[in-house]
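Take a look at the structures below.
In the two assemblies presented below, chain A is common to both, partnered first by chain B and then by chain C.
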Partner chain A sequence: MVYHNPDGVMIGLEIHVQLNKLNTKMFCGCSTKYHDDEPNTHVCPVCLGLPGSLPVINERAVESAMKIGLALNCDIVPQTQFHRKNYFYPDLPKGFQTTQYDFPIASEGKVVIEGEDGEHVIGITRAHMEEDPGRLVHIGSIDKSKGTMIDYNRSGMALIEIVSEPDMRSPKEARRFLDKLRNIIDYLDVCDTTLEGAMRFDANVSIGGGSRAEVKNISSHKGAERALLFEIVRQKNLLRRGGTVVQETRHFDEARGVTISLRTKEQEHDYRYFPEPDLVPMRVADRTAKVVETLPELPDAKRERFTKEYGMADMHAKALTSEIRIADYYEEVAAKVDAKICTPWVADVLKGELNYRDLTIESYTVDDMVEIIGMVTQDKITEKSAVEVIRTILDSGGSAGDIVKEKGLIKVEDDVVSTAVAEVIRENEAAVVDYRGGKEQSLNFLVGQVMKKTRGRADAREAREMVLESLNK
Partner chain B sequence: MITKDEVEHVGWLARIEIDEQDADTYATHLNTVLEYFGQLDEVDTENVDPTYHVADVVNVFREDVVTESLTQEEALGNTKSKQDGHFKAPKIM
Partner chain C sequence: MSKAKWMGISKVRENIAASSSEEVTASYLDTISKSKINGYVTINEGAIARAQDIDNGKEGKGHDGVLAGVPIAIKDNISTKGIQTTCSSKILQGYVPPYNAHVIERLLDAGAVILGKTNMDEFAMGTSTESSHYGTTLNPWDHERVPGGSSGGSAAVVAAGEAPISLGSDTGGSVRCPAAFCGVVGLKPTYGGISRYGLISYANSLEQIGPIATNVSDIATIMDVIGGHDLRDSTSIRQEIAYQDSLVDDVSGLKIGVPDEYFAEGIDEGVEKSVWAAIQKFEDMGATWEKVSMPHTKYALPAYYVTAMSEASSNLARFDGTRYGHVEQGENWHVMASRTRAKGFGEEVKRRILLGTYALSAGYHDKYYLKALKVRTLVKQDFDKALSNVDVLMAPTMPAPAFKIGEKIEDPLALYLTDVNTVPINLAGVPSISMPCGLVDGLPVGLQIIGKHFDESTIMRAAYSFEQNTDHLTKRPAGVE
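Presenting the complex of A and B:
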């Protein structure tokens, strides 16, 4: 199957990744752990932009940037440096943002995603380093605002901006790309992506080779998909009515699910980029080999290893490696239980139940998983009961052992089942006659009666076999 | 040639108010500066490495070690415009 992209949709994304796992900010020693603290308590003369202060580059931030670049299959440039991007906005205390311009640290990479028609390559234009601005809080609603309050705790946090080529052909592909990217970032352990503002997105959208609109203020993967869907429909409607799409910046209003035009007076050349005189250039390409050594096994490689090492289907390997925490969890379980048996329990059952409840893997311990799989393999409880135990633990906590006892889920012995079968056949003569007369559904009724008598503790498949056996006697 | 309009635009970017008469004077001054840069452009730099920084130094880094930050009181010490531990700015859209 080939995807023809009927509307000629082209989507490019810019992703900001905050390096919040570093101890300190990009250019000063202020701590990055500000998330639960009072405003303006993680600031110093450098990140407040006070006159005479001198920034110095955090070496580990550069290493993290190289890790991200290499994980996205980019080249690391021989020489790289910072520039000043000049504009006035209160979140920027210096009147400029320190960022990279014509020599980004990493460029020309690629990421392979599951596209509309199979594997699809998304080009990575560049990945560069820059600093995060402060956080603005509007007093009152945005249109009736009486002023703006500024917290500079975030100011100067190290950011990596990843810019993709406009290679995505649908909002779904954009979402897949973001999922894949987040997974890679999680694997690299450079950013806690669960923290507020850890990853933020802008999107470029055009259709049919027309001008592109830039959509800003997207804060989630789901939001990205919605913003892009809205923007594509808006552009299509505009063209249908004989209008033209203008190149502009639009703001995504998450609550209303719409994009709104922002009239910005500034153009690219108005930023008056020039080399940051307070920071000297960096020549770090010769460190590449050393950084490569520190790279963890990345999702694609892990997926391949899982199919080989644990003999699982690619579908399962993909599901298990889609999140580093699930992959690690699986390997812990597989170290204690036969891998072939535990694969569907983790990849299908547990992952499904977690997704349904919007829970993370931390909600169900490895020990509980090992215990419950053990009970099934030792024939103590049925598979159906095991699922019930998992659900109960996720919904209201408790231990597997207690729940099995409380709910009376211990599988009943075969002789109890056979007694129940004998009773059911004796008590339901009509159904037995019907079945022998060719009415297949009567079998289901009889099995149902057995399950009822054993209060669901019999294995349905076994009960069915035993009923059949006595009927055919 | 720099026009009066461009002077006003550059003034706006720098948040400097420039009145009508001054705009003409500044346009003349800026054009003189640009002419000088035009002269520099004539120099043959074919075999000269570009200068990215005046100091011939690379790779000045610091370790990722936390240093003490200012207190909130110190951070806000230079402004009268504050509210609830924040700096306060006029409303922006």
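Presenting the complex of A and C:
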């Protein structure tokens, strides 16, 4: 199957990743752990841009940036170079943003995603380091707020901006790319992607080789897909009506699911980039090898290892490695029980139940998983009961042992089943006659009666065999 | 004791030992209160209390410091915690920094007492201190003349006996020019020699903080306190210079280069004579001299101004009335910021911001900003080449003595041209000291001694020797003992 991309859709993405796992900001010693604190409490002369303050490069931030670059198969620049991007805005305390321009820390990489027609390569143009501005805060909605307040806690946080080539051919591919990227970032342990503002997106969209529109203010993967779907339809409709798509910047209104024009090409800022005189180039070429050593096993490599090491199907390996926490969880479980047995329990059952409830893997402990699989393999409970226990724990908590006891899920002994079988055969003569006369469905009816008598605690397969045995006597 | 006096650090310390820092400080404050030269923008109201603390040994560390109890004046673009710092601009009126510049921390650790903040050209943009929002400072030698700039206040108060020592900053000559015009000694150290942390940037790739004093030894003492590496300034360099040790009266074998280009057309005859007499004196003292060629000197001035203005246009973007300083109201943030900047900045600052913005704009960036960077490289090469054959270069600091107040302020270009001998040094990043080498019509002439990167020792040795063997540094303005 080949995807023909009928509308000639080209999507490129820019992703801002906030390095919130660093201890300190990009150019000063302020703590990055401001998310639960009062506004303007994690600030100093440097991130407030006070007159006379000077930036100092956070070497850990550079290492994190190198990690991201290397994980995206990029080339790493031999030495860092920062530039100033000049523009006026109240959240920008220096009147310029310290960023990278023509020498980004990483460039020319690639990421492989599950595309419309199988594996699809997305080029990574560059990844560069920069600082986050502060945050504007309004009381209520922007139009009703009496004024604008500025919180500089975020000011100076280290950001990595990843820019992709326009290689995505559909909103679905864009979302897959974002999922993959977030997965890689999670693996690298450089960003807590669950925190507010940890990842932010802009998208470039064009169709049929026309001008591209840049869509800003996208805050989620789902939002990206919706914004792109809207934007493609908008451009198509425009062309159908004989109009032309102009190069412009558009704003995504998440609540309404539409994009609105912000400014056209003529109104674009001239940022007057020039090299930041307060920072000297930092040589990183000789550090690259060391950073490579610190790189964890990345999703694609882990997926391959899982199929080999645990003998699982690629489908399972993919599901288990789609999130670092699930992969780690799986390996913890697999270390304690038979890997082959636990694979479907984690990859299919647990993941399915979690997705259904929109829960994360932390909701179900490794110990509970190990215990429940143990019960099944020791034939203490049925598979059906095991699923019930998992659901109960996810819905209302409790321990596996207690739930099994409370619900009376321990499998009944064989003699109870055989008594039930004997009773059922005695009480349902007609069905027995029908079966012997060649009516296969009667067997199901008889097995059902046995299950009813044992209130489901019998193993259905075993009950069936015992009924058959009695009938064939 | 209230009569204005030239006192070096050692004399000040003797007086403190004989009386107290409080008394010495009070005497300077008294002199300042009677001053007519407008050298200070802000007086440190905590000066006496600080002096008392030093006297009482409350500042344990400071008390033992080489500047224990010694008053000092600080240029108004160096951040002083708790003392208003305005860069002589309206836009920073009322701004009191919550932190100290690196050099201030070092000075306080050494026991210094800050007298106040000295007047300057607004944001250090000027050669005369006339662009200050707080009025011009008068030259102590002639009150009708400018003290030079931009650190005009810092040089004038030292020359007028209103402070024994001071700090200035030198972006294109801003320490050396006023030192020359006011007949005192001023050093622009090698770029990276002193931390700029806390120095309010005008053109960061060019500027350095520098000391001003009445003698060469004091320059060494201050440099030993404020010089050296600081983690908070990435451009500061780990390079220790033993300033005290360079105070040796011996220039035998010293090779002096004299660049013809620094005696260009338009140079004042008296200045030329004084500088040549100084070079002859060095020869008498055992040095040798030869002419050197620095062919790109004539391009240095435009390259300097394009670079400085470009950087300034960005550095001064933060003054928008949002967080500190002067603010004008407006119906929205952009109007507020625009009005604040329109009313808060003076003419010269606005001119440089606009020219710098222009030079960095798309379509002009390569023609101006990049071109200036290339010229800068050529100017640097001139210095590297010249200084590979000689130990130091000597030239006039300024092509003429102090001009009259109002004489050039309406003609920015004429004013820019007076920086012709000082700006190449900043483009190259090399150190240079300016010291008096004579008087022309009663006005001081500055001799500039330029050295190799981080070779302050050699220029200090030359300057010290010249001081020891001449009487130029005994000349004082009228009314100052």
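The working rule: the second predicted complex is superposed on the first by the 441 of 473 C-alpha atoms of A that agree within 3 Å, B and C clash if a C-alpha of one lies under 4 Å from a C-alpha of the other, contacts with A are read in each partner's own complex, and residues count from 1 in each chain.
Everything that follows uses one rule, which is that a residue touches a chain if its C-beta (ideal position, glycine included) is under 8 Å from a C-beta of that chain, and two chains touch if they have at least 3 such contacts.
The model shown is predicted, which means the values in this text are computed figures rather than measured ones.
Colleague: In the overlay, answer first, second, both or neither for which of chain B and chain C A:R84 touches.
Modeller: Second partner only, chain C.
Colleague: Check whether A:G49 is in contact with chain B, with chain C, with both or with neither, and answer first, second, both or neither.
Modeller: In the superposition, A:G49 contacts chain C only.
Colleague: Of the partners chain B and chain C, which touch A:V111 in the superposed model: first, second, both, neither?
Modeller: In the superposed model, A:V111 contacts neither chain B nor chain C.
Colleague: Once the structures are superposed on A, label A:F96 by its partner contacts, choosing first (chain B), second (chain C), both or neither.
Modeller: second
Colleague: Should A:D270 be classified as contacting the first partner (chain B), the second (chain C), both, or neither?
Modeller: both
Colleague: Is A:V417 in contact with chain B, with chain C, with both, or with neither (first, second, both, neither)?
Modeller: Neither partner.
Colleague: A:A463 contacts which: chain B (first), chain C (second), both, neither?
Modeller: neither
Colleague: Going by the contact rule set out at the top, does A:I324 touch chain B (first), chain C (second), both, or neither?
Modeller: After superposing on A, A:I324 lies clear of both chain B and chain C.
Colleague: Between chain B (first) and chain C (second), which does A:K146 come into contact with in this model arrangement: first, second, both, or neither?
Modeller: first
Colleague: More chain A residues touched by chain B or by chain C?
Modeller: When the residues of chain A touched by each partner are counted, B comes out ahead.
Colleague: Which chain A residues are contacted by chain C in one complex and by chain B in the other?
Modeller: In chain A, residues 45, 48, 56-57, 86, 88, 90, 148, 150, 270, 272, 277, 279-280 are touched by chain B and also by chain C.
Colleague: Of all residues in chain A, which touch chain C in the complex?
Modeller: Residues in contact with chain C: 45, 48-57, 84, 86, 88, 90, 93-96, 148, 150, 270, 272-274, 277-280.
Colleague: Would you pull the chain C residues touching chain A in the complex into a rising list?
Modeller: Listed in rising order, the residues are 77-79, 85, 87, 92, 95, 97-99, 101, 196-201, 203-205, 231-235, 310-311, 313-314, 316-320, 322-324, 333-334, 337, 357, 360-362, 365, 369.
Colleague: For the complex, which residues does chain B have touching chain A?
Modeller: Result: residues 12-13, 15, 52-55, 57-72, 75-76, 83-93 of chain B touch chain A.
Colleague: Can you list the chain A residues touching chain B in their complex?
Modeller: The touching residues are 22-24, 28-31, 38-45, 48, 56-62, 79, 81, 86-90, 136-139, 142, 145-152, 265-266, 270, 272, 275, 277, 279-284.
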